[in-house]
Amino acid sequence: MKKSLVALAILAAAGVASAQSSVTLFGVVDVAYAHGSGSGAGSSSKSQLIKNGYNSSRLGFRGTEDLGGGMSASFWLEAGFAPDSGTGEASNTNNQNPSATALNAGDTQRLANNQGLTFNRRSTVSLASGLGELRLGRDYTPHFWNQTVFDPFGTNGVGTNQTLNSGLGGVTAVRASNSVGYFLPGNLGGFYGQFQAYMGENNKNGAVTEKDGSGSSIRLGWANGPVNVAIATSRTKFARTGAVAAVAATPGNVGAAAVAAGGGDVKSTNIGGSYDFGVAQLMALATRDRVDSATAVTGKGALIGGLVPLGAGQIRVAYSTYKTDTAAAPKSKKIALGYVHNLSKRTALYTTFARVTNSGGATQALNGATTAANNRSTGYDFGIKHSF
Amino acid sequence: MKKSLVALAILAAAGVASAQSSVTLFGVVDVAYAHGSGSGAGSSSKSQLIKNGYNSSRLGFRGTEDLGGGMSASFWLEAGFAPDSGTGEASNTNNQNPSATALNAGDTQRLANNQGLTFNRRSTVSLASGLGELRLGRDYTPHFWNQTVFDPFGTNGVGTNQTLNSGLGGVTAVRASNSVGYFLPGNLGGFYGQFQAYMGENNKNGAVTEKDGSGSSIRLGWANGPVNVAIATSRTKFARTGAVAAVAATPGNVGAAAVAAGGGDVKSTNIGGSYDFGVAQLMALATRDRVDSATAVTGKGALIGGLVPLGAGQIRVAYSTYKTDTAAAPKSKKIALGYVHNLSKRTALYTTFARVTNSGGATQALNGATTAANNRSTGYDFGIKHSF
Amino acid sequence: MKKSLVALAILAAAGVASAQSSVTLFGVVDVAYAHGSGSGAGSSSKSQLIKNGYNSSRLGFRGTEDLGGGMSASFWLEAGFAPDSGTGEASNTNNQNPSATALNAGDTQRLANNQGLTFNRRSTVSLASGLGELRLGRDYTPHFWNQTVFDPFGTNGVGTNQTLNSGLGGVTAVRASNSVGYFLPGNLGGFYGQFQAYMGENNKNGAVTEKDGSGSSIRLGWANGPVNVAIATSRTKFARTGAVAAVAATPGNVGAAAVAAGGGDVKSTNIGGSYDFGVAQLMALATRDRVDSATAVTGKGALIGGLVPLGAGQIRVAYSTYKTDTAAAPKSKKIALGYVHNLSKRTALYTTFARVTNSGGATQALNGATTAANNRSTGYDFGIKHSF
């Protein structure tokens, strides 16, 4: 059958093709063998073929049109997917969690099996000029960027910043739908910044939940030579009624369930920096999440780490923590070490090892394992990343 | 991470590429800020980032193969999507509504969040010759075309023909799955036409509902110089048992719920025309929908409007109405005014203002607002459309 | 609107394009009119526009990167879809059936209408060298290949091998997710082979079901001149608890329901061969499926058939059977005859006729019809296949 698949070039429609009118097809396929193990009563281990141990798997389409006079229009459509099963990834249409109807195991499995491709990673149209860029659609939230730029593991895989696993940032911690964003132009002597407002799109009828899922975020930074520093802050509104959960259930943080039930605005602030010494690039990042539930909960994260070039490869190392101020003061600490070996600019082999240590009742575990409260969990992966 | 996305050309498989063997990738990204407001007791307003204020957002793949002797084969796969959230759009597999199992709010939200890309807009394979085109798959129904060709707002956005919002045309009002279509060739002196039959694909076992979702549609027209006129008619079969709802719930038309419960065949007929005076193109359109439920319901729609070129842009204006003959005689009237400013052939900025007025118990509202019976609703949008 | 879809070439990102760095976009659109009829009490017939009467409809992206030194990296992302409705196809994330929560008719229809595109057909990344290919992701299982290679109807359409319709092979009969595969290199004098291990990815916690969906498969063959022979065997693990059904419900085999309820490992073994006499290619295939439920069930399939070149076309003929050893010994026999007429290398018209005869309580029926136990069912199709 494969022989009958005559592969054909994507050719120009006659007379239309020109340098400034192009579509770029791009993507990443990243698959790894991953193992996780827990400890203590009721713990379990897991072996999997996982996605995204190093980079996020995706298929995308993007292009830019030169409008003349220094102006341009562009689009970016990027779909995440799981190469281990071929399924796509869900998006979120209103920056809110579905109300808490429990799904049975069969429905959860069907939902996973049937998940089609969406442009969940990014779906935007932009107008740009010397004054900056106006961007509309679904995009990363500004306060997310520090989490990935100043994490040696780039928010992917078993080694990533513990804030990504434990954080109280909720639905808009990474991306927001229905967003209007503005980006400063690139010629400000290393100074960069962006602002974003996003809408929950509820009917305005006087209900206390009418602003649920609406919010804004801002990020400002400065990069020059070996230095890069940035600060970001955001607020997403949620009523305290609990009708719509403000944050996703984050298993392993004792405070999470209480927060989820209570709702309330979510404020996230972070600051990060890196310095490239040549022999190594050092990184540090601090995060503060606050959920204004009836009894407010604050979560604090920190990371220090670095990237060390080594021939055709790179060593990655990080130590990160996250804790919340609920009664038991749950806390998780992670140490991670990894190596990436580049076979080419497009293809790399990698391996990562990480261990998380829990206290205060926390039950964070790695690579799908489960661990008892206050116990450790260990995870590792071996993978391949191929981009096109 | 973005830097690692090495964008690569889609190159010809050696020796296979030729002028008549090409695939074209195409699309539209259209996003707008939209606001709608209602009036009267219990009304609500809404602010959103919406899709498709001017053109429908889509990603498509199409191509034509020259078979020699005047014959050709072609395919067209076109997926609609929502750029504000990156989600895809559902299709319909049997031209029937799902039976009326109410979904809870959580499941409705999950369904929206998880909606993947489908080729819901068009999914066809064709054989063409000097005798016309035979087309198989999912396609627009013939009687839909007059609704968009003779509407200055092209069935998109807040200004569109009120028949699109209120109409009783049901599942096949725009497209049908499982269709076989025939198109007249293009060399008939301006005369054009198409016929389509589509199947509901139920098991034939003597049940009264065995033909539900099956039907046919025909459109004939004539275009010459400034003149374009066309007429179309269709019939989609549904038993009167109510087991399968004949028409979607159309909130705002008092008759709709009764019709949906009763089932019965749906017949839609329309006639439209336009004349291009140069300074303006005038359009008019009349529609008649009849649902053969136990107590038959007839809906009638009308539109008059026009397009006025203005420099690099275009003014769009329309007045449209829809009413049904149920007891209270619900009726909605809409007036709409818009302007499109083309930044290039591919990119445009646009704005639209519309107001709908209800009587006879109708509750039609614009841009996601809700309005009390017999009250007005106002909506507007500002948007950008970019095609590739 | 279509006119505004400016079709643009996919151009090289400057300086990146080179002969060994390409992405190929490919696909098939295959649609047919199909009719099936049953006989006996309660039987029903069906007329449909179906997908995949000759080849499987798909849209795919693939490419290979030369890494130097005889090594290469490649990816393959291939999404199946239904051109009659534009919907995608579901994948399976853990090689297990969803637990048996019955869906109501409305939810089943919604699931079908909303099914987005997934890379269900294949989603892999590979590293290859002179020593063979290592392939990770979702792929065909090795033991599937004999079913399609030695079936004149290639596992598509009404004429296909009865084992495909009746078989007890379960979720991994065609493909597996979470797989690691190894392929022998191509220079072994006609000898070929592949091995695959796949994971069910359950938590390892001592539960009897912790290995459900994990398994392995191997295929070895020899092709030289007119001869091609191959043997394959596989085992997928399932506990006998019935918590996770080992095989999908296969209506028409009396033994299937009992097997599904009981669970237990699924072992499938098959052997096939073909010889090309020039005037015709003959094929034969034998299959044995065994489900280790509390009372084990064995299913046996057999096929003999051939392909006869005829001008620009090909005649296809096959006789196939499947039976299980449950009490009543249900058995289904199918005779099928088809003709494919190639309009070009990419486009073909085809027609197929098939009849299935049941005994021992079997109720197998063709093209969506239903038939009474021990009765016959007849089906035919007329279709068009277009590849790009």
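Letters are used for the chains, namely A, B and C, taken in the order the chains are written, and counting of residues starts over at 1 for each.
One rule holds in what follows: a residue touches a chain if its C-beta (ideal position, glycine included) is under 8 Å from a C-beta of that chain, and two chains touch if they have at least 3 such contacts.
Quantities reported herein were computed from a predicted structural model and do not represent experimental measurements.
Note on subunit A versus subunit C: their Cα superposition corresponds to a rotation of 120 degrees, in steps of 5.
Taken over every residue number at the interface, the positions common to subunit B and subunit C amount to under half, indicating a different-residue contact.
Rounded to whole angstrom, the centroid-to-centroid distance between subunit B and subunit C, based on C-alpha atoms, equals 36 Å. Multi-chain contact residues of subunit C (touching two or more other chains): 6-8, 10-11, 13, 21, 23-25, 27, 63, 88, 114-118, 346, 388.
Interface residues of subunit A facing subunit B in the complex, by the touch rule stated above, are 6-11, 13, 21, 23-28, 55-56, 60-63, 65, 67, 71, 73-75, 77, 79, 88, 90-94, 96, 98-101, 111, 114-125, 127, 136-138, 148, 154, 177-180, 199, 201-205, 345-346, 387-388.
By the touch criterion stated above, subunit C contacts subunit B in their complex at residues 1, 4-8, 10-13, 16-17, 19, 21-25, 27, 29-31, 33, 42-49, 59, 63, 81-88, 104-107, 109-110, 112-118, 343-344, 346-347, 368-370, 384, 386, 388.
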